[in-house]
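Lettered A, B, C and D in written order, each chain numbered from 1.
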Amino acid sequence: MMSTEPITLVALLHGPDQPGLVARVSGWIFERNGNILHADQHRDTEAGVFFQRVEWIPANDPSESPDSAAEEFQSFAASLNMNPKVANLSRRLRVAIFVSKFDHCFHDLVLRSKSGEFSCEIVAIISNHPDLAETARGYGLNYYLIPVTAATKAESEARQLALLQELKVDLVVLARYMQVLSADFLRKFGRPVINIHHSFLPAFAGGKPYHQAHHRGVKLIGATAHYATSDLDEGPIIQQDVARVTHRHEVEDLVRKGRDLEKTVLAQAVRWHLEHRVLVYGNKTVVFD
Amino acid sequence: MMSTEPITLVALLHGPDQPGLVARVSGWIFERNGNILHADQHRDTEAGVFFQRVEWIPANDPSESPDSAAEEFQSFAASLNMNPKVANLSRRLRVAIFVSKFDHCFHDLVLRSKSGEFSCEIVAIISNHPDLAETARGYGLNYYLIPVTAATKAESEARQLALLQELKVDLVVLARYMQVLSADFLRKFGRPVINIHHSFLPAFAGGKPYHQAHHRGVKLIGATAHYATSDLDEGPIIQQDVARVTHRHEVEDLVRKGRDLEKTVLAQAVRWHLEHRVLVYGNKTVVFD
Amino acid sequence: MMSTEPITLVALLHGPDQPGLVARVSGWIFERNGNILHADQHRDTEAGVFFQRVEWIPANDPSESPDSAAEEFQSFAASLNMNPKVANLSRRLRVAIFVSKFDHCFHDLVLRSKSGEFSCEIVAIISNHPDLAETARGYGLNYYLIPVTAATKAESEARQLALLQELKVDLVVLARYMQVLSADFLRKFGRPVINIHHSFLPAFAGGKPYHQAHHRGVKLIGATAHYATSDLDEGPIIQQDVARVTHRHEVEDLVRKGRDLEKTVLAQAVRWHLEHRVLVYGNKTVVFD
Amino acid sequence: MMSTEPITLVALLHGPDQPGLVARVSGWIFERNGNILHADQHRDTEAGVFFQRVEWIPANDPSESPDSAAEEFQSFAASLNMNPKVANLSRRLRVAIFVSKFDHCFHDLVLRSKSGEFSCEIVAIISNHPDLAETARGYGLNYYLIPVTAATKAESEARQLALLQELKVDLVVLARYMQVLSADFLRKFGRPVINIHHSFLPAFAGGKPYHQAHHRGVKLIGATAHYATSDLDEGPIIQQDVARVTHRHEVEDLVRKGRDLEKTVLAQAVRWHLEHRVLVYGNKTVVFD
C-alpha cells in the first residue's frame, strides 16, 4: 500500500536496562532515514528497567506499508529484549463507552471527542439501562442496551464481548458504569479498560462513600482513573486529582464536586491513552506526558 | 482586676439547633455593650447541630476581669444547651513540641513562631533523642530529653505528663515524633494534641509508606493534620493537602515532597488551633477560617 | 397571596460598620418568628464596612406574601444604613446566555443546569452567529440570532436589550461571547452580566494571548470570572483558577487547558451568583461560600 | 588526573533542529563506552529548535580527566551546531545568597541546603543590612555587609562583584533582596542570578502590591521565580505557583501566604538550577524535571 500522507508511528518499550539503549533505538530509526519527533525515556533505577516512548516519521518508502514498518521495529525492539507496542498515530482507536444512569462523564467524553480533543472514534455506547439512549442518538452515536442482572451477568457479558469484537473495539471506557466487569470478561476482551472511581484520604470501604467522607469530615475529596483489573479498583493508576471541601459542604456538594473531578480525571486518562502515552508495567504506569 | 488594653474574647459553641440562636448570642453580647468583631456559624442540618465561633470585645468594665466575662458567657451558653469554650485572645497558648530526629516540622514551627505567625509561647521541646538539643537551644528553647523504650514507655510518659503539667502546657504538637502516645497519656493530659502524618490514595498500611506509594505508582501524595486520639491516625482531621508526583520521582523525591506537605499542613492546623478556629465535634472538625 | 410551601428569603447587606448589627438583624428576624438557616458576615476592618448574607424562613403568615416580607426587611435594613438586596430563593432567576462560536462554556452551563446544579431558567441563547442554533434547539432552548457588525452594533444592542426586557432576564452570562458590550448597554440593562476571560501571570495585552503566554514561557495559565463593567475585563472578580503548563505544552494545549479552566471558573461564578452568595462592593466581591 | 569515583556529566544543549540529533548524541556517548543515565529532549516545532538534557557516566578512563571529557563533548556538540553547556555533577555549585531584612526565604534555602536537598555550597550571605548577620553566623555562614544607597550604588555593586569573583560564585540567589541589580552588574557578573517576586492576576504596577491585590479583591495570589535580566522582573520564568485567598483574608494574610509561596517557588527554582535542569532559550526556559 502506498501512503501519500506521512505516517507517524509511536512505540512504547520497556525491558531490562542496559547501556546504549537510547543510542540503539534512535540509531536504528536514523539509519532507516526516519525522523524522530519525540523521544522520552525513563529508568527505574531500583528495578533496573528501561522505559521509552518514541514517536517518529518513517522514511517515505512507497514500497513499505506502515504496518510492515511497525513490525520491523517490533522485531528490532524484541532483539534488544524490549517489550514493544507500536501504533500508527493516523489510525484512530475505536472506543466503546459503558454507562449506566449517570451522564456527566458520558457528556464530557462525547463533547471532547466532538471538539477534536480526542483522536478516536466512539463506535458504541453500551448500557445496562435505557436512560441515555435518546441522548446518545442525539449525538449520532450507536446505543446498545444490554441489561445486567445477577442472574444474567455471564450472558450479558458474553453479549457485550461479542459486540466489542464485532465492532473491533480497541478501548473500553467505564464512564460511571455501575457494574463490576468480571475477571473473565477482562481476560477475554484482552484490551485496555479504563475506569474512574472516587478516592479519599483515608479510603472508605463499603457503600455511600461520599456520605462516609462527609461523616468523617475529610478536607479533600478525590478521583482516580485506572486500568481495570480483576482486582476491583486496584489496577494501574493513570491519573488522580483532588478538590478541597470544608464543613460547609454537604453530601450533595461533595457529590457535585466529585462529578467535576471524575470528568476531568477520566478525560485526562483517556486522552493520554489515545495518544499512546501510558505504559503499564507491573501494577503501575509510566505516563509520558 | 482592671484592664487598660481592650480584651478580646473568642467562643466556640455547639449544641442542638434551635430557632433564634444567632439572635440570642449576639443579643446577649450587644446588651452588655460588647462589640462583635467576627461571628461565623454553621448548621449541620442532617445532625441538627448548630456551631458558632464568635469573637468580641466585651465592654471595658473596670470592675470585671476578662475571666469573669468569659465565665458569664459560658453560663449563658450553657443555658442555651450549648457546649461552650471561651478563650481570652490576649493570653498566648503554651505549646510543647514533641520531636524525634526529623527536624523539618520543628524548624518550620519555630521559625513561624519567631516571625509572629503564631500567637503562642513554645515552652518546651520534648524528645526521645538528643539530636535536636543543640539546635533547640540555639533558638533559645528549652529541650527536654526523655528517652522512650518499650520497657520504659509508661515511665517516660509519666515524666512527660509531669513536665507538661508543671509547664502548664495547653497544646502538644507532635512534629514528626515517631512514638505513639498511649490512650492513657492522652486521657491524663486531657488537652489537645495535634499530629501530622502522610496520607495516600489509596492508603497504605504497614511500614515504609513512601516506598509502598512509589511501588503502587500513585500520582498524588498527601499529608493530614489531625487531633491525636487513642485510635492512631484516626482522630478528627484539621487540614489535608496533596502534591503531584510522576514516575520520574523516586522514593527520595516523594519523601522530600512529603516533608514540604507535612510542614505546611501542620503549620496551618496549628495556626487555626491557636486562633481558636477549630471546633471538634464527634470525630470531625468545623474549621472557622 | 398565600404560600403553602415554606418560602426561603436571602438577603445580602452592606454598609458602615457599627456595634450590634448582627444582633439587630438576627433579632429582627427572630422577633418575627423567622428561622435563620444560614448567616455569614464579614467586616472589612480597614474600610469600616460590614457585610452580611442571611438566609431565613419567615414565619408562615398566610396574610403576608413573600414579596411583602422581603420589602419589610428591606426597609428595616435601610433603617440601619445598610444597602440591602433581598431575594426569594424559590424564584428561579431567568438567565440569558450569550455565545459566539466557541461552545465549551455553552455546553457546560446547559448541562449543569439540566442536571440540577443551577437553580435558574435559561430563557434565551443569544448569539451573533448561527453556529450553535441547532445544538441549542436540540437542548430545547430558544436561540436568538442577532448579528453584530461595527456598523450595526448600536442597533444590535438595542435588539438584545429589547429581548432581555421582554424575557425579563435577571442575569446575562457571556459564555465566550466574543463581542464587547458597550457601557451604554450595561447601563441600560442595569442587571448583572458575568464574563469569563483568560488571565496570565504576567498579563498579556493585545490579541492571541495564548500565543503570547507560550512565547513568554509561563508555567501557569488562568481564567477569571467577573462582572462585566464598562472597563473591559476589569470588573469585580468572582472566581479565578489556574492550571500548570510546561515547555512540553504547545499553544493548542494551552488553549485546551484554558477551555477547561474557563468552564469550571465560569460555572462556579454563575452558581454562586444564582445562590445569591456574591456581594459586589466597590470594584470587588465578597463571596459567601 | 585519575578519578576513582565514577564521574557524572550533564549536558544542556540547544540548536537548530535536524534529523538524527538524538541518535548522534547518544551514539557519540555509547561509542566512547559512556553510560547514559537520563536523556530528555524537546522540540519547539514552531521555532524549529531542538533541546536536550543528557546525563551520563563517561568511561572510566584513567588517562582522561572529567574536564577533558566535558570539553570533548562540547566540541562534538558544537560540530552539530548545538549550543552546549556541560557540567560535572560531582562539583557542587558555589552559591551566594543576597538578603535584605526579610528572612523567610533565607532560612528556607539554608535549611534545605543543610538537610541535603540542595547540592551546593553556600559560600556567602551578602546583605545591605546587618539584621541577619548573627543568624547567618549561627548557621556557620559567612555574612558580608555591603550597604547600598542611591549615592553609593555603583561602588557597592563593585564591591559585591569583587567578592563574587574572589569567592568564585557560580550562582546568585536573590532571597527577597530588596534592591535592583543594575544591568551593568548582571553583565559583569555574567553568571545566573535567580530572583523571586510576587505575581498576581491581574498584575499590579507600583508599590505595595499586596495592598493593591487586596483592594482589587483577587481570589489568587502568586509568586514567580525567574532569572534576573536587565528588564526588571521580566526574565525567563523558572517556576510559578499560586494560593487561594478570599475576602476573609486581610493584607497581612496575603503577605503571609505570599511568604509561603515565595519560599517553595524559589526553592524549587534553585533546586532545578543546581541539578542543571533549566535551559534558557530566548526569554523562556525549558525545565527538564
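Definition applied: contacts are C-beta pairs under 8 Å (C-beta built on N, C-alpha and C of every residue); 3 or more make two chains touch, one makes a residue touch a chain.
All of these numbers come straight from a predicted model, not from anything done at the bench.
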Review point. Looking at B-C and C-D, which pair shares more C-beta contacts?
Key: C-D
**Study point:** Remotest chain, chain D as reference, centres from CA atoms
**Key:** C
**Study point:** CA centroid of chain B to CA centroid of chain C, Å
**Key:** 38
Check your understanding: Using the average of all C-alpha atoms in each chain as its centre, how far is it in Å between chain C and chain D?
Key -> 43
Exercise for review: Enumerate the residues of chain C that touch no fewer than two other chains.
Suggested key: 248, 289
Revision key, fill the gap. Residue positions on chain D within touch of chain B in the complex are 103-104, 107, 111, 115, 117, 138, 248, 256, 260, 264, 289
Review point. Within the complex, which stretch of chain C touches chain D?
Key: 42, 44-46, 51, 199-203, 215-220, 222, 224, 234, 236-242, 246-248, 250-251, 283-287, 289
Exercise for review: Under the touch definition given earlier, write down the residues of chain C that touch chain B in their complex.
Suggested key: 19-20, 22-24, 26-27, 29-31, 33, 35-41, 43
